[in-house]
Each structure stands twice: as C-alpha cells, then as structure tokens.
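Several structures are given next for inspection.
Two complexes come next, and they have one chain in common, subunit A, joined by subunit B in the first and subunit C in the second.
Take a look at the complex of A and B:
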C-alpha cells in the first residue's frame, strides 16, 4: 500500500466516521428525551388528567344505596339548580363568594401595587432586594396558622380588644370576627406575597427613561403616574386582580375560620360557596353531587377569568409572559 | 413646596406605607409566637409572664406531634420524588427542540393554578374509585403532582442559564450523554435542584385541602391543626405554630441562599 493510498483511506475513514459521530451527537436526537419526559408525563397522566377527566364525568353519576353508580344523569345538577334560591340557597353562597372575593382581590391588588411602587421608586437600589424579600417571606409560612393567628388578634376578647381595654380605650373595641370583612383580611394576607412578585415584575420593567421624559416635559408626579406608569402597569394589574380573584373564590379556609362559616356581610349570614361544598361533602355521602357543585365553581372561575381578559388591551395581551 | 421637599415627602410617604404593610404582614406571626410562650390561657393582654407549659402540653397530648411526624414523612418524600421528576423533565424541555414544548411546560405548571378545592375533590373522586384514598401514601401521590410544578419552575430557571456550549464541549471531549449529564449538567443545576426541593417541601408542608380530602385518619399537620382549631381553644396550637414557623424560617433561609441568586443573579453580574 502506498502512502497516498493510505492517506485516502484514512481520509475516507474520517469522512465516514465524522458524520456518523455527528449524527449521534446531534443534541436534538437522543433516547434521553423520551426517558426524561416519561416519569413526569406518566405521573401527570395518572394523577392529574385522570382525576380531572374523571371529575367532569363524576358529576353525572348517581348514588344508589350510598355507593356511586356510573351514569350520565343530570340529577345532581337538577337538584343543585332547584336548590338555588330555596333550601340550601346555593345562589346566595355564590353571591357571597363573589362579594367576598372580588373586593378582596381589588383591595389586595391596590395595596400590593402601592407597596411595589413604594419599593421601586421609594427605596434605594441597595435595599430593594431586602424589602422585596421581607414582603414575600410570609408566603413560606403556613396559611392555616396565619389564619389562626388572625383569629387570636381579631377575636372579641382577642389581642387587639384586650390591648385596647388595658390602655383604657374600651369604647374603641372592634367586632370584626365572624364577619366577611375578617374573611377578606385573611385572604388579602394570603395573596399579597404572591401578587408582590407579579406586580414587581411589571413595575420594575417600566422604562425609567419614559418617566424622566415625562417629568422633564413638565408633568407633575401624579400626572406622570396617571399617564405613564398606570397605563404601563395595566396588564400586570389585570393579571393580578384575576389571579387573586380565582384564589379567593376557591378558598375555603379563611371563610371557615375567620368568617366562621356563615359570616355576616351586606348579603347576610351566608357561607361562601366553597364552604357550602365542604359542608355538603362532610354531611352527605353523595360525592357525585359534591363534584357537580365543584364543577359549577370551576365554571364561575372561568367566567371571571374570561371577563378579566376583556380588560386587557389586545395590544398587550400575551405580549409578555 | 420646593421640588426636593416634595420629593422627600413622597419618599417618606412610600416608606411609611411599607412600614404599615410590614406590620400587617408580620403581626399575626409575631402574636402567635408571643402567646406560645405566655401563661395566658386565652390570647389576650395583659401578658402573664413567660412559660413553656403549652409546649409541654403539646408533647403530652401527642396528636399534633403525631401529625407533625406524618408531615415530616410525607413532605420530604413528595418533594424528593417531585424534584427528580421535574429535574428530568426540565432537562428534556431545556435541551431538546420539539413541537409542543411550550404547551408541555404550561401543562406541567397547571396543578398549582387549579384551586386546591377542585383538585382535592377530583383526586378524592378518582382515588376512592381505585380504593387508594384514606392513607398517607394517597397524600404523597397527590403532593408529588402538586409540588412538581414549583420545583420545575425553579430548576428550569437554573438550567436555562446553562450555556449550551458546556454540555457540547463535554461531548466533544468524549463524554457520553450520561456522563455529560452527571458531570456537567447536574453540578450546574444543583442550586436549582436544592431550591426546587425546598419550594416543593414548603408547598407540600403547608398544603391543606388536598390532604384534607384524601388523608382519612392519617392526618398531615395542617389537617390535624384544622380539626383542633374547629373544636376547642387550645394554646398548644400556638406552640405547634411556633415550631412550624421555625421550620418555615429554616427553609426560607435555604431559599435565600439557593434560589434568590438565581433570580437576581443576572442583574448583579450585569451591574458589576
């Protein structure tokens, strides 16, 4: 074999081996892809789509002798709708839920927005991170225990009232416990740390140059806020309100512990709809009917979401994730 | 008012508001800890002096401690499995290009967006059909699902900062895909993995509704606390609350060390 021949064979070997190696090493083709995705997909299929799919069907089952029987009956829904205004009065529960959740969501968003504005524009850059951390930290503590702590504080002979007595201001006593105002306090306390993150991302992404330009052109602080900052926060605010509203609509704990089940409000001493679902579940063995009620709650949430999406301008909708 | 005076007034107002809000956020936690160490039977002023009797009572009664034990088993187990699942999924999503990748990410995040009440009812419906409900492992199964989403979000965030060239360089130097994963990707992702685990643990440790529906008699801590809370006034709740806040505090410090540098990391490197 001549040298030249030898060279060509090695060259050919290389020519053959290089593409094949490249083929194996293409980052996009590997058995690893399927292998890595498999556990998550399997888990979600069995324990997420399984329950959710079953959930939608289960509401149409009937109960015979305390055992659910597979069926496609509208019986549960007919029972619920016939009880809307009489008997269990589900419509009042739904109204109470909306009356609790929507103001709570709006107040929580307003307070949090002011907090975020204060952090972004009122705290020097060095301390912003610390301020943010302090505001988000309560998220890591147990929601249930925080509600219990609010019970301690708001109770008739609780921390605030007994403190007022001690310093001789008995006539200033508050009576918030077991009203829906207390429910809203608990809810606002719960959602605030989450909303902080959404709104901080929104506000801190507003271009400072726009604010400087507005101020240099003679706008006052309030004008700059109204014409520049507020419009640019719109998407974040709408997301924040709707997110908070969904959480508040689905929350059972605050209404149960601070509202005391049927807490008083303008609507009357009516429990929230989630509370009705939970007592329905506890008192009857009719799981399909409980499921049907939960399905109605989902529909209400979807309606709220759909309405809130109408408030987002088409131009900004989905512009940033 | 002069311009600088007005500016000062605004800044003062902003910080004043922050102060009020911090009081609002931390007052409940502070009160709970305060009254856990007081002789008062009811949480009311005036304070009657330091005492640890509620802690003694807590450990004597044992119900809440048993539930704490259940939680200490379920939550780390669920967090560990969820972290493994979500690391693998995050790796695949981050490395490979395929159709429906964003949809898949969206699906993986979904369980935390669906209210616990809905998911709880849905899980109970299916698990009771399969006769899997009413045991501790039912809570485990559902908590793995619930905590995969937050863990995935954190790990994904970390992996997305891994320059693609690192892994490719390992392959070019002869590493198999498995070796590259083990020696390059996992060490890089480690802060994300730890952070994801801590977040998953927190979600599971505090989760009430799903556990309430599927737990049966093997109650996790939030479920047990809720039952006590609905029945009697028991100051040992203050004691268990303080212990739980302590655990959360430790987790939070871990999050601060492992997660926040990921979120703020880019900012600090670009400014330096």
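Take a look at the complex of A and C:
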C-alpha cells in the first residue's frame, strides 16, 4: 500500500465514521416521545375527531322511511338555508343566540376581571388561594341545580319578589323570568368560575416590577392600569371572552329553564339556536338534518374563535414613529 | 442645604422584627456619583426602593434638594430607578418604552419624537427604536432602561445593580458609558452594587452598608486604603486581618500580640490603649515572600495552600498556624518553577508602615 493509498483509506474511514457520529441521538430524540404521545393521540382519535367526523358526515345523510341512510346529499343544508328567514326562521335563532351569548360573555369577562384584579392586587398572597377557591367553588355544584336555584330566585313569586313584597315595594317587582336576561344570568353564573382561572393566570403573571416602573416613571394608578395592566391582560381577556362566548352559544339549558324556550329579548320571543336544535331533535324524525344544524352551530363557534385570534395579535403597533 | 441633591436622615425600615435599615444617614452632593455597596441582605436594595418611593420607611426623613419627600406621592417624585433586570414593558417596542414617561403628561408628539431620538442617540440605540423588547441583547435592554428613566429628567437617578446581568467585557464598557452619561447630564447617580470594582471605578464616593447600617462613607481611595472597621476591611479589597491585644504603644510603632505572633503596626493619628483588642489590616499586595531586610519588618510563618495564576500577577493562599487564611498578591515572578503547593512552610514579610490598626475606641 502506498502512502497515497493509505491516506485515501484513512480519509474514507473518516468519511464513513462521520455520518455515524452525526447520528448520536439526543435525549429528546427517543421513541419514548412517540410512545407517550400515543395514548393522547388515540384518545383524541377515538373520542373527539372520530365522532366529530362522523357527526359532520351524518349531516349529509338522507332519510328514507324514517331511517337515516348513508349518503352525501346537500338536501339537509338546502332545507335549512331555505328556512333561514321563513318557516322555522333559523336566522332569528342564530341572531338570538349571538345576542344572548356575546353580551353575556363580555359581561362575565368584565365582572371576572374586576374580581381577579381585586384578588391579585387587593388580597395578601397568603389568602389569594383561598379567595380563588371560593370563587371557583360554585363550579363544583351541578349546573342544573344552579339553574333551578335561579328559577327560585327570579320567579314571579320567587325570592326577590317575595322580599320586595315583605318590605312593601310591590310595585318594584321584577319580571326577569322567561326573558333572555334570565338566560344570560344563568350562563354568566355558569362560566364565571372558568374565567376566574383563565384571568387569574393572566393577571398574576404580570411582573409586579412593571407596575413599580410605571409608577416610578410618573404614572398614576389609573394610568398604570390603562397603560400597563390592561394591555398585558389583553390575550387573557380575549381568550376569556371567546371561551365564554363559545360555551354560551352551545348551551340550551339556561335558555330553556330560565329563558323558557322562547324568552323575550330585543330580538323578540325567539328561542336560541341550540334550543331550536333540541326542539327539532325531540320532534322531527330527520336526525341528519338536526345534525346539519348542529354543524352550522359548530361553524359559528369556529368563526368566533377565528375572530378572537385576530384580536389576540400583539399590541405593539408598527411604524408609530 | 441647597447644594445637597439628597439627604437621608435616620432612615429606618423594619419588616416585623427584622430591621432592614437601622438609622441610615447619607448625603449626596450636587451631581455626585455615589455608590452604595454591601453584601446581599445588607439593605441596599431596600434603601434604593425607599429613595424611589416604592417602599415606605418606619421612620426617618428624606430630602431632595432640600425638599422633604414625605408627602410627595410616588408618581411625582424626582427620583427614577433603573431596575436590575431592566423591567422593560414587554408589550411596547423600544420607542414606546422610552416614550412611556413623557406620554403620561401633556406632550407634543413631534417634540416627543425628537426627544426620544435624542435619548436613543445618547445611549447608542439609534436604529433600534422599532425593535420589540424580546429582540434586544442584555446591553441594549440596559440602554433602553436608562433612556426610559433619563428622558423624564429626574433630579436623581437610582441604579440597582444595573450591570450585574452583563458579561465582563460589556460591564467594563457600560461602566465607562454610565460615568460619561452622568457627567453629561450633571445629575446625581446613586448606584447600588455588591461589586467593589464597579463601585470603585465609577463612584465619587462609596458608602459601605452592613446589616442595615452605614459602616463607612468615603472616596474609593479612602475606603480601599483606610477601612474604618473590620467589616469594611474584609469586604473591600484583598485585605488580611490580624487580631490581638495591644502590648506596646511606642513612638515608632504599636505592637500587638496576635495568634500568629507579635505584629508591629504603623502609628496613626490616634492610638489604641494598652490591652485593647484591635485588628491590624495588611493589604494583600503588601505582604512579600522574600524579606526586604529593613529594620521595621514583620515576619510571620505560614503554610502555602494554593496559587492562582492571573497573568500579570499571582494570588497565593496561605494558612496561618491559628487556622485563619491570608491572601497575597504578587507580580508574576518570571521563571519561577511550579510550586509544591501542599503544605510548604514559608515565611512572609510585611513592613510596619503597611500595617495599620482599626477597630479601637
């Protein structure tokens, strides 16, 4: 073997050894990663994406002799869209749903935000967890039970009105029962404990030093809130509103128990869209069409979510110079 | 009174039973660069937060340019704090961070824009005004924090270990810039640090804090060469301390009997009494490994324990017979063979002139 040959061989040996050296697996590159993710993936596949996929497909089925038949027909959607403003007037239901859900979500978020600000900045660290626990506690009682409780409170001869009669203010009687205001009260009570958690995480993560900086730079308390705390709560507030709005849009229990089905509102005595879906489900034999309606509700929720993502974008405005 | 930027009179702060600050008296002259130095937990950050109005005092008064700040609300105080970890607003870009203070009051947008650009120029941030905070390096964040404070034209700028998060090279660079900035603005800087190099290289005067009390205030030279207490001597510089009772107070020297043997120290303006327990301070670079063969030389025996080679000089660590440690700094002895480190007995020498006594009544 000549020297040149020898060098070539060595170089080749090196060339061979380099790729194998590059294949060293870092601690993060392990089949364990896939293994750990597998149960979660399986769970989502079997209990979420699978049913959702089937559910959406089912909306395209047709009914023959009272039995759903697998198909890919737009007939259900055509029927629904032709009934938007006439007949069942689904558009009114959708409008009523939005009119109930969005103000309820905004009110719930505003209210919760104020409570969270009070807890984070007003309660000493020792008692913050306790305060939080007390705020979340209603979540552990049954939603249905809470709605019945509100019925007792809001009813024509309920707790509030009985109290008003007792103190001689009969003419001040409230008649909130079977209005969409009652629906919203039930919904707000339902979502508040969840929003507390979302907003507490947001507000308690704001660096206290930033508040000190702001005050030290000459900001009053109000200016500090407007220019530091509020902008830094933005993402949490948007998540909170969209989260609440989606829950409220999908709920029919409050609408039927407190709103009485077609509760009154500015829009009129119109049931919410989920209420319409439930009525159809109970009375109609066309299950695929009911499913198609529910799919429309899911799409509306996705639109709400998409809009909220737009609002979540960073607060910094470019080119403000 | 009028030529004092800041006066602290008996500032005390207690947290329950814990006394964080115990009667701090401090005066800062006009346009002075004052460093407050001390180990962690000495109360220096609490003191700074009190000066910024972010912390209340248990008792004591604080005057800025002769004006008592007791009744001045925090947002109207003329003192600005620069935070150790900068605390920049993450939702604002560099421009908006700097413009935060001026925007709180009435302002003219075009004048403000010019002012922000001037500030950016002053702290070398030109061209970075559109950046988001997350896109900045540590040094750049530091400059934004400085500009954000300075633009509000404070009477005193308070800095809380502002360079501690920077690397060594950048730290030296920023020290120079801070000093330049302070001279350009002509306002007082009060600079809190636990790092004596920072304090000594920038400050006009240094206050050494320990356990909520001021141990010594003076120029860096005075504190370095003439520490007034055992704590300052140990905290500052590379000082060696010998403790013992005074056995002889002479005209040429004072002699004490230490655990290491008799040590003769220079006579100062005042003398300790016979029998009093005192400390003798000798700087690390004043102790030699070879005798100078002069009449006024101290000699102690010690055991070499280690050597650190620092390029231009060596740092040696010795054990004394009584178990205490002493440090020696000596210029690199060219061609010296590697030391046989463990346990080599040697003699050390220092002049009576370089040993001075502290801690007597």
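The criterion applied here is as follows: the second predicted complex is superposed on the first by the 264 of 321 C-alpha atoms of A that agree within 3 Å, B and C clash if a C-alpha of one lies under 4 Å from a C-alpha of the other, contacts with A are read in each partner's own complex, and residues count from 1 in each chain.
As a working rule, a residue touches a chain if its C-beta (ideal position, glycine included) is under 8 Å from a C-beta of that chain, and two chains touch if they have at least 3 such contacts.
If you're wondering where the values come from, they're calculated on a predicted model, not measured in any experiment.
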Output check: A:123 vs subunit B and subunit C. Expected answer is one of first, second, both, neither. What do you get? first
Tell me which partner A:54 touches in the superposition: subunit B (first), subunit C (second), both or neither. first
Looking at the overlay, what does A:231 touch: subunit B (first), subunit C (second), both, or neither? second
Of the partners subunit B and subunit C, which touch A:207 in the superposed model: first, second, both, neither? second
Who does A:223 touch here: subunit B (first), subunit C (second), both, or neither? second
So, A:144: does it touch subunit B (first), subunit C (second), both, or neither? first
Between subunit B and subunit C, the one with more contact residues on subunit A is chain B
Now for A:215: first (subunit B), second (subunit C), both, or neither, which partner does it touch? second
Set of subunit A residues, in rising order, touched by both subunit B and subunit C: none
Interface with subunit A, subunit C side, in the complex: residues 52-54, 74-77, 79-81, 83, 85, 87, 89-93, 95-96, 100-101, 104-105, 113, 129-130, 132, 148-149, 152
If we count contacts the way the header does, which residues on subunit A are in touch with subunit C in the complex? 207, 209-210, 212-220, 223, 227-228, 231-232, 234, 314-316, 318-321
Subunit B to subunit A touching residues, read off their complex: 6, 10-11, 13-15, 17-18, 21-22, 24-29, 31-32, 35, 42-46, 84-86, 88-89, 91-93, 95-98, 104, 107-108, 110-111, 113, 115-119, 121-129, 141-142, 144-145, 148, 152, 164, 167-168, 171-172, 177, 181, 202, 205-206, 208-209, 213, 222, 225-226, 229-230, 237-238, 241, 244-245, 248-249, 251-252, 255-256, 260, 264
What residues on subunit A touch subunit B, complex-wise? 25, 27-28, 30, 32-33, 35-37, 39-41, 43-44, 47-48, 50-52, 54-55, 58, 111, 114-115, 117-119, 121-123, 129, 131, 133-135, 137-138, 140-146, 148-153, 155, 157-159, 161-163, 165-166, 189, 192-193, 221, 246-247, 249-253, 256-257, 274, 277-278, 281, 287, 290-291, 294, 297-298, 301
